[in-house]
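So, here's a batch of structures to check.
In the two complexes that follow, chain A is the common piece, with chain B as its partner first and chain C second.
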Partner chain A sequence: MLDFLQAVSDGVLFGATYALIGIGFTLVFGVMHKINMAYAAASVGGAYAGLLVLQVMAGAPPWLVFLGAFLAGGVLGWMVYALCFHFIPLSNPLATLMSTVGMLLLIDEVIVHVTAGMPQNYPAMFDDVMLRAGEFSMRGDLLLVFAVSVLAMIGLLALLYRTSLGLATRAVSQQPVAAQLCGIRLVRVNALTFVVTGLLGGLAGAMIGASVGTLSPLLTTPLTVKGLIVTVIGGLGSIPGAILAGLLVGGFENVLQLYRGVTERDLYVMLLLFAFLTFRPGGLFAAKSGRD
Partner chain B sequence: MDFYFGLAQLIGVHTLLGLSAYIVLLTGQVSLAQAGFFAVGAYAAGMLTVLAGWHLVPALGASALCGGALACAVGFPALRVKGLMLVIATLAFGEGVRLFFFNFDYQIAKGELKVGPVGGEGFRQIRFFPENGWETWEVMLFIWVFVAGAMALLWWFDRSRYGAVLRAVGEDELAAQSVGINLTAVKVSAMTVGGAIAGVGGGLYAHYTTHIEHASFNILLATFAIAYPIVGGLRSVYGTLLAVIFVQGILVEGLRFMGDWRNLLFGALIVLAMNLRPSGILGKGRHA
Partner chain C sequence: MLELRSLARHFGGVRAVDGLNLTVQDGQIFGLIGPNGSGKSTTVNVIAGLLPPTAGTILFRGEDIGPLPTHRRLRAGIARTFQNIRLFGQLSVWQNLWVAQNSAEDLARRGFFTRWLGGQSGVRDEIARLLEFSGLAHKQNELAANLAFGEQRRLELARALAARPKLLLLDEPAAGMNSEEVGQLRERILSLRGSGVTILLVEHVMELVMGVTDRIAVLNFGQKIAEGTPAEIQAHPAVRKAYLGGEAA
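Then we have the complex of A and B:
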């Protein structure tokens, strides 16, 4: 029983990063009704770019690396928008899907090329701290990951519900044409959505790097799949859904890793997705049905 | 010369993969599960010829059946969701199949050595062609017979009422439904045909490479599968063939002199192609 609780708590703490990735997918979907397949790759790319801080300034504290990843993620997010969405007519859903998949492969290959395919060590904070309650313990670095992710989510929600940019974003996601008629610049809102999700992604990438200890280009595929699964389970376009689903998937996979081993655990995450698709296709927080 | 025969084999198998995604795309559905059906076909055909000692032709029939049946089974729950949700569901399914084969062990002793798929190591010794003394060009011809068959079948579909129904669903589901077309039947049948074609392609792939492993059936292969018809355009089956020749023949082989940079260029070229011609090479123009 204790093992079970331990696995759940570790998994839920790590699941906060899945939630961040899921939010990125869901936000772009909400605003543009498009999937940005390059998102998880750009997040990992941002985390890698954060390592450049260590190149410039040897012995820089980890939080500076995280900040670098956060900012680099924003830049990458804007680049993905400019290269994969800006010039492509939005009426053609296949084209943006394909262009972002191309971008995913490109970012992946750039990472492999620059690092020669070697996994890179990633700095962590509080990795020597261990909170204990009898046999039960909580890793300090995972707690930090969780706390940073929660702060980022609060920041995002504040941005969406307390600022005029957030108001514009929500307006565009509800009725793009009406929003445009009210003088909201669609292109600007779309681009800024990518920057905001990119910032979140860079942070998520850095948090994943910090809690795993290394970054490797092998992370991008599983992260893309997990992020998309989180998005679907939470309900496409729903931010609270993505948060809850991220924590759920994190806890679920860690429990199955405990009982079935690391090679099989992802198989059960897929089964969880199919269970949701069959019994609750709209996800936890299904958006009201309207246009597709 | 064998190099070119080998390249032609690769192009043939990838054309089958692309065609399997083509028919699903006609109904307006994007399936990233084609690599999964391809994998199932590869393992099924390989196990039948190596472990059960079947001839390749019935084994390929069996892999078409496996691929088709699985696609049909996936089609029903997955097609309850539409558009982008389907992309995600099929992507997860494809990854699920890959992970299944990553964990799949089934070996039997054959003479002195044990044969069969072994999890992460993959499935070696699929030696039907060398054991029966097939030359490379014979294998190539054999593959292209299937490619020609699949292309003729899809070309015929395009000419028939069925093709019109497929395109009607792809153009506008609501309109198609309101003239009495059964959406589920159309989509699931397209998915089934696509799965069967991918299964045959997988079976052929397993036999000409002689060694398959889970890592070959990754998200990149699924991307290739939908990239061919999208890059080639959905107007005709030739677009897919053209795209495979363009990608595998020119990009992958022609850029070999660039070494490591080749892969970099591949992603960049997809991005560029989609910016310049969003409807595909043979598709409508930019502002159509």
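Then we have the complex of A and C:
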């Protein structure tokens, strides 16, 4: 029983990073009704770029690396928008899907080339801290990952629900034609959505690096798949759904890892996807359609 | 205020609007009528910037607004309502007005981040006035999607007015309304007269068009077949023919 609780707790804490990745997918979908397949790869790319801080400034504290990853993620988000969406006809439903898949592979290739395919060590904070309650314990570095992710989510929700930019974003996602006629520039809102999701992604990538201890190009594909699963389970376009689904998938896979081993666990995560698609295709929170 | 010169908009081989000349004077309430498919909505869409014209010019306050992108038309002073309602369904009534009001004051120039939701008192007063005008004050925190049909129409009108437009395009505002609601709409439109807004009204409901407009143009097959005061139009043989389909009575 204790093992089970421990696995759930560790998994849910780590699942906060899945939630961030899911939010990135779901937010772009909500605003543009497009899937950005390159999102998880760009997030890992942002995390790698954060390591450049250590190149420039040897012995830089980990939080500076995280900050670097956060900012690099935003820049990458903008680049993904510029290359994969801005000049590509949005009316063709497959064009941006293809361009973002291409971008995913491109980012992968760049990472492999720059690091010669070698996994890179990633700094962590509070990794020597361990909170204990009897046999039950919580890793300090995972608690930090969780706290940073939650803060990022709160920041995003404040941006969406408390600022005029957020209002404009929600207006565009619900009724793009009327939003334009209300004087909102679609192109600007779209680009800003990519920058904001990119920032979140860079942070998520850094948090994943910090809790795993290394970054490797092998991360991008599973993370892309898990981000999409989280998005589907949460309900396309739903931010609360993505948060809940991220934590759920994190806990679920860690429990299965405990009982079935690390090589078998993702198999069940995939089965969970099919279960949702069959029995609850709209996800936990099917997005209300305010859009025609 | 508004002048269309040989305006044309074709869809493939279909000439939805075909060489339309139209002049709307400052402060006028101008009616645009015609059978289904006569090009009324296309004309509104071209003026609002949702469709580029195939040929011709649109002069708004003496300037050619043809090249102006859609999101700039509001700032130039053109607002519209839609035949099929296009509200921000998951925003509250108040926020629907706030989006338009805020954009009117140049969201881009002032910056997205400078002001947090809530708005300055001037903006709040203006929104309160519009809520009063449209009889929606008691519903201001309701989501737009949860409003009744008639209320949604009123909110659309209020949202268009929130931008303090100089030219207001109303695309079949009475569609689907009962006669009591049409009466209220008529009062609302008449109360806008003299407030400095020019109105282009596209409508099928003759009771409304004849009751509020100063001047009417009749379209058929994308061309203007008649223009005049409501009384002249009612007596016009070509209009009767277009509407009744038979020979002039």
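In this text, the second predicted complex is superposed on the first by the 287 of 292 C-alpha atoms of A that agree within 3 Å, B and C clash if a C-alpha of one lies under 4 Å from a C-alpha of the other, contacts with A are read in each partner's own complex, and residues count from 1 in each chain.
We adopt the following convention: contacts are C-beta pairs under 8 Å (C-beta built on N, C-alpha and C of every residue); 3 or more make two chains touch, one makes a residue touch a chain.
As the structure is a prediction and not an experimental result, all values here were calculated from the model.
**Q** With both structures superposed, pick whichever of chain B and chain C touches the larger number of chain A residues.
**A** Counting contacted residues of chain A, the larger count belongs to B.
**Q** Counting only touches as set out at the top, which of chain B and chain C does A:180 meet: first, second, both, neither?
**A** Only chain C; A:180 stays clear of chain B.
**Q** Of the two partner chains, chain B (first) and chain C (second), which one does A:29 touch, if any: first, second, both, or neither?
**A** First partner only.
**Q** If you stack the two complexes on chain A, which partner ends up touching A:264: first (chain B), second (chain C), both, or neither?
**A** first
**Q** Looking at the overlay, what does A:163 touch: chain B (first), chain C (second), both, or neither?
**A** second
**Q** In the superposed arrangement, which partner chain does A:191 touch: chain B (first), chain C (second), both, or neither?
**A** Neither partner.
**Q** Counting only touches as set out at the top, which of chain B and chain C does A:110 meet: first, second, both, neither?
**A** A:110: touches chain B, not chain C.
**Q** Identify the overlap between the chain B-contacting and the chain C-contacting residues of chain A.
**A** Common interface on chain A, chain B vs chain C: 292.
**Q** Which of the residues in chain A come into contact with chain B in the complex?
**A** Spelled out, the residues of chain A in touch with chain B are 29, 33-35, 83-84, 87-89, 92-99, 101-110, 112-113, 221, 224-225, 228-229, 231-232, 236, 263-264, 266-267, 270-271, 273-274, 277-278, 281, 292.
**Q** Where on chain B is chain A touching in the complex?
**A** Its residues touching chain A are 25, 30, 77-78, 80-85, 87-89, 91-93, 95-96, 99-100, 102-103, 119-120, 218-220, 223, 226-227, 230-231, 260-261, 263-264, 266-271, 273-275, 278-279, 286-287.
**Q** List the residues on chain A that touch chain C in their complex, please.
**A** Interface residues on the chain A side: 161-168, 170-171, 174-175, 177-186, 188, 192, 288-292.
**Q** Can you list the chain C residues touching chain A in their complex?
**A** Listed in rising order, the residues are 48-50, 69-75, 79-80, 82, 84, 86-91, 95, 98-100, 102-104, 106-108, 112-117, 145, 159, 163.
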